[in-house]
Every structure is written in C-alpha cells, then in structure tokens.
C-alpha cells in the first residue's frame, strides 16, 4: 500500500537520480562482462588489471573496479563510483585501484569514455624487450584497422613504453606528457607491468585491448625470444 | 481475434516466404555458433573476422556478419541478408563487412555454400614469414584429410598468400585469379591479415577453419621463430 | 492402459537388455563429456579424434564415435555400437571411424576398457621431431605417476612413434607388434597424426590423454624448435 | 513425525557442530571453485594437483582434496576432512593426497590458512631449467605486488626449487628447512613436478597461484628455450 509520503520519496528519487542510477548500472554490467572476457584469456590473473567508465564529465565521475577483486568474478555491487577531481569514493564500499590517477589522466588527455588496463604475458615480455627504445612500432597489420580512426593496414602505430613507478602522481604526470607527445597513440605499456588503452565507449576500449594484445602476441611470436637486458 | 484481412496477410507470408525465413534463421544461428566457437579460440579478437552463408544462388543472396560486431557475441538479428550481385543490404540494419566482395568472389569461383574469414596469431605470423614465396606448402599431416576431397595424409596442400589491399574490388580480382590458378586449394592467407576458407556447407567451412588453423600452428611451432623481412 | 500382450513385451525388453542399454547410455554420456573436455583444449579440432568404450568382451562390442562429428558437440544418439569381431555397426546411423581397427587391436592387446585418440599440436610436432628414433623417452616427471602402474617420477616412459598409414589393416598389424614389443608403454604416436592411449576405464583413459599431452607440451617447450627433416 | 528422542539428537548436533559443518561446507565449495578455475587454465591436468584449507588449528583439521579426482569436476562430497596431527581421515570416503604431509608442514611453518599445489607446463619447464641454482629469481614485475606483503614491483622474489622425492616424510622435512631458510618466500617448486604456494585465506592462495604461474610463463617466454641438463 502506498505511503502517504510517497510523493515526497518520489521527489527525492528524481528523474535525474534515476538516470544516474541507470547509467551506473549499465557501466557496472559492462565492466563485469569485460572482466569475464579478459579473465578467460588470462589477461587479468591474480586480481590484476583495472577498468573504468566515465559516468559524467562535469562533475567528473567514473565507475571503476575496486582493488583486490578477481576480474572474472566481478559483480556490479563491487564497482565503485569515484569523484575524478577529488579522487575520492562517492559510492561503494571497496578501495579504488591504486592506479585511479592514471585513469583520470587518460580520461582528461584523450576525452576517453572508458579506460582499460590489462596484464598479459606478451605485453609484459615486450614491454621489457623494447624498453630501451621507449616504445614499440607495430605496422602493416590488418588488425590495426580495429584501432579507432585507422583505416588501412598501412599504418604505423607507436606504442610508448614508460618505466613503472609506485608514485602514482609522478607516473600520472609522465603518462600525461607521453600522451601529449604522441597524440595519435591508442595505448601504452608500463614496463614489466602491462597495457593501458581507452576508447570513446567501453566496447571501443574492449576492442582496443583485444587488438593490441593480439598484435603484441603476433609480434612476440614472430621475433621469438628476445634478449633481456642484464 | 483474427482480423478480417488475415487471409490476405497469410497470402503475403507465402510458403516460399516462410521457407526463406527458415533458411535465413538457420544460417544466422549457424553463424552465431561459429562466432562463439572461434572467439573462444582467439581467432576473431577485436571484432575481426567475417562469415557468410549462401541463402540462394539465383538470385545470389548471402547471410553475412555485419561490420564491427564481437563475433563471440553475435545474435541472429545482427546478421544481414545481402544481394550478392548488387552488393547491397536486403535485410538488416548494420553495415556489411568491407570484405563482402571477397565472399562473393569465393562463392562464385568455388560454388561455395559458406565462406569464413578468421584472424589468428599463427596465420598472421606465417602469412608474413612465407610472403616471399607467395604461399606455403603443408604436407604429410593426417589432419589434411579434414579438407574436403583429401583422402590421405600423403597430400601436398598449397596455401596461397596474397598481399593485403584496402581496394576491395582490386583484391577480389586478385583473389579470383589465385583461385583459378590453384583450383584445388582449400583456402588462402592475406598477408599480415588472416585466413579465408570455405565449404559446401557451413559445418564443412568451420571444419576447414579448424583444420587449417591447426596446421598453421603445428607448422609455426615446428619451425619456430622465423625471420621477418625488413 | 496395459496391453494384454504387455507380458510378452516385458519379456522382449529383458533384464539383460535393459542392462545393456544402461551400459551403452553410460558409455555414450562419458564419450560426449570427454569430447567436450578435449575440444576445449584444442585436441580434437576439425572433427579429428575418435574415442571408444568396451561394452562387452564376449561378444566384443564397443561404443565408438562416428566419423565426421565435432567432438565437442557430440550427443549420445551419435555414438555407434559396433561388433568388434566383424567391424560392423550394430546400432546407430553414422559411419564408424576409419580407425576402428586400431581401437579393436588395442582393446585386444591391452585388455583395455577404453581407447582415446587425440590430435594435438604438440603431439603432432614431436611425432615428427622424434620420428627418426621411432619413439620418445619421457622421464623424471612427477606427472608420469598419472600413468597406471607408475608409482614414482623416477620412471622412463617410452612413447613409440609409428609411421602413418591409410591402410588400416596393415597399420593395425603394426600397432599390435609395437604393443607386444613395448608391453609397458601407455600410448603411442602416429607420425604427423596424433596420440593413442587407453585405460581399464574411460576415466583412466581420459587421465592418460591429459598426462601424455601435458608431458609432450612440457618436452616440446623445453627443447623448443626442433629440426624438421627435409 | 518427530521421534521421542529428537531432543537428544538436537543436543548432539550442537551449535559448535553446526558451525563446524558450515566452515567445512564453505571450504569445500571454495576448493571446488579453485579446481574449476585451475582446470580451465590446464594447471591440474590428469587429476594432478591438490588443495587444502585449514578448518581449525587446535586440533589441526584440514579440508583437502582426495587423490585421483579430476580437479575441474570436484564436488563437495569428495573433499576430505583430515586430522593434521595424525594424518588420518576424519570424514569422507576417499584417500587423501599422498602429499598431505607437505600441506601440514606448510601450514605449520607459515601459519597458512590454505595451501595449493598445481602442475603447469611452465612451472615444470622452469623447475628443471633452474634446478642447478636450486631456485629462481623473479624481480622487477608489477605482478609481484600480488604476493602478500609486497608493495612495489622493485622486489626480488626467490622461488626455491627442491628435488622431487617419493618419500613424503623426508620431503616434508626438506620443505620445512627451505621455508625456514627463506622466511619471506611465497612459494616453491618441486623439480619436474610443480608449484606449491599458500595464503592466509583460500582467495589469497588462489591469487598467489595465479601470480606465480603468470610470472613463470613471462620468464619462460622471455628466455625461451632453455638448456636441459644431461
């Protein structure tokens, strides 16, 4: 039976509030599905990786995976909503990924709608093998056309490699500089760490993960064993 | 309650129309199942690959995957029906694959009932390693008997490799010439791109994908790291 | 309502007949489950592989997979019952595997209750790399203890390699001789073809497939690229 | 209808007894889930591997997988409860793993809440390649942060390698000595056998398996083919 104060409650759960909840729920479902997909391929083993979707730009709000979760077993109630300006949790009980600052930096530099970070064996191996050159050229593959804006296999993609760092503010600063230096790159590697990529939407970012992971494996299997410095 | 014009409608949905819908639905279900199968093996990452089934020969109609879909998450309503002569969409809302012209060319040259195109790491690696010879010999494997018409492992299969091209009419012309030059080949590679194969039926074409991908991996793992030109 | 001739029917479906059907149904279910398991690992691609379970010894009856089926999509009604002495189909509509004679030979030589044949990339690669020695030593691995009767890792398993042959009677004769020469071997490879192994029961044979495939991959990854004759 | 002695029975199934059953059931469910997870990755092929969870410390009780089970098909009723002091089965019909003594040794030395043992191809290959040095250094990888207590990629993890042994008491003694010599190690390899790791909880131990297996594969693919002694 409706309460006499139902009107008041209905005012509190305003149309905008319902819309925000709908947007969050869709983002959370998408992040869980991406987690299952990447887990099946072994790209987020041992609770590694973190994913985010932009919920609103002003103020900047992101749905982001919390730290320490197996990404193949995510549930929507484990996804956090964070304030991208303050870096604080707006909704949800977990701890946001330590790498939240990188997600926010990428969203700002690229106007991205989703940011995905995975840890695959091949990205780890190649991030070390090409660390000396501070990046990796990938060119001539049809698969490059899966990267937004690329319309021919006859494309030269530069995948920058940054040294790993536990100081996230410093690393976010370096990420920002690399993104400005390479305005057309679609991702980057952190050395002996993994891949960051992004997209206008979550499906586009998922596609970029799969394209780049495929290309890294193809390059890795072609050149085979690489020399490991020191 | 039946409308007074039900008889008219029933005439419009004629027996032939029902049969066409049944044929399309079966083809679409088969293409979705093939997509899930190949996705699980990592052969259609990042929305790559495209698949088609012939619905009728005169006029030439194909059920074909639309562009930009994750092949492991296809649903029947995302499959297009296209006019093979005009290259236009007859039914369905998406954009047909850019490579539709290659499917039509193969259907005509080989009288194929289904055409499948996958992007695996091993086909990509070997398409480059053997590009200089414009093809690859695969011989002596029992698995070759999975290719239609091959009855002994003591068979020499020539898998042609064509340079990749974004001009689909020009590439379709080259595909046609290669198929006429090698009338008994069961597939071909596009350089740094992937595998095309086909069959009288969709299950036969699926079998050909699996057989050729298996053989390419076996060859790739045997010879190991190959030298990469330039 | 029971027919007046129910007694007669009940006599026809005798207790022994019911038991035979139960045994067949259990064997068929087990073969379907093994097919899904091996398909997920890529060991029966392209409808390759074939599996059998002994239903009775006198007369010799086997449940066996029919030819041309995707082993990951087997259903119980696609499993055949064959007469092992005559080599003929007793029940079921398909065509028995061309390699049925090898299954019968192994059942007789080893008193096996189940025979499994898989086509993996690593067994194919190693069957060629070690063809000159007509076999492969696998020793010192804990996993060897998964082979029936082996109680220590300090075991030397000889895995014979036979040349492939399309004459099944001749090949069955050679299989018989190799099994008698190597009475303690748990499997063998056919060159550029695949693995045969067996067990007292189907679960034991499944275990033997997994153990031997694991060991072949471990050996293959250790020694890496092998030289390929000619 | 309740028996007149229902009260007595209800006393026997005391609150503590219910709690013990709840704890056991949760442990068993977790072990089954871990089995499915590792089976999907090919780390427990052929019934290899064994897993345990501590149920109580005084007296020491463990839930442990029984011998000879496919770890991807475990059911809770196949999990045993054992007395860690006596090494005897308290509940359940199977045979405890031969390696139970190693689990108990690790629980005691590390105060672990869960112990997991897997057999992967890469751990097997590297356990042999580095046997001469009696261990393996893994350093500089972000993934190392997934190991409990490690807070930076700039960490040097020593993964000891012990010779394999079928005398479990002797091997347990050697395991104890290695754990005391390397008080900060998170796991060890048995030569040509597999990985042991542990955690305060089962999810932590699962995370350690995934982290270490990932790192071993990354190291293995980097250095490629290794020389095999003898």
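In order of appearance the chains are A, B, C and D, and numbering begins at 1 in each one.
The criterion applied here is as follows: a residue touches a chain if its C-beta (ideal position, glycine included) is under 8 Å from a C-beta of that chain, and two chains touch if they have at least 3 such contacts.
Bear in mind the structure is a predicted one, so any value in this text is a computation, not a measurement.
Overlaying subunit A on subunit D by C-alpha atoms takes a rotation of 90 degrees, rounded in steps of 5. On a Cα centroid basis, the chain most remote from subunit C in this structure is A.
In whole angstrom, the spacing between the mean C-alpha positions of subunit B and subunit C is 32. Subunit B and subunit D have CA centres that are 46 Å apart. Multi-chain contact residues of subunit C, defined as those touching 2 or more other chains: 40, 224-225.
Taken as a contact graph, with one node per protein chain and an edge wherever two chains touch, the assembly forms a single closed ring in which every chain touches exactly two others.
Only residues 40, 42, 45-48, 70, 119, 121-122, 124-125, 128-129, 164, 166, 190, 192-194, 220, 224-226, 228 of subunit C touch subunit B when the two sit together in their complex. Against subunit B, in their complex, subunit A makes its touches with residues 40-41, 140-143, 146, 151-154, 203, 206-211, 213-214, 217-218, 221-225.
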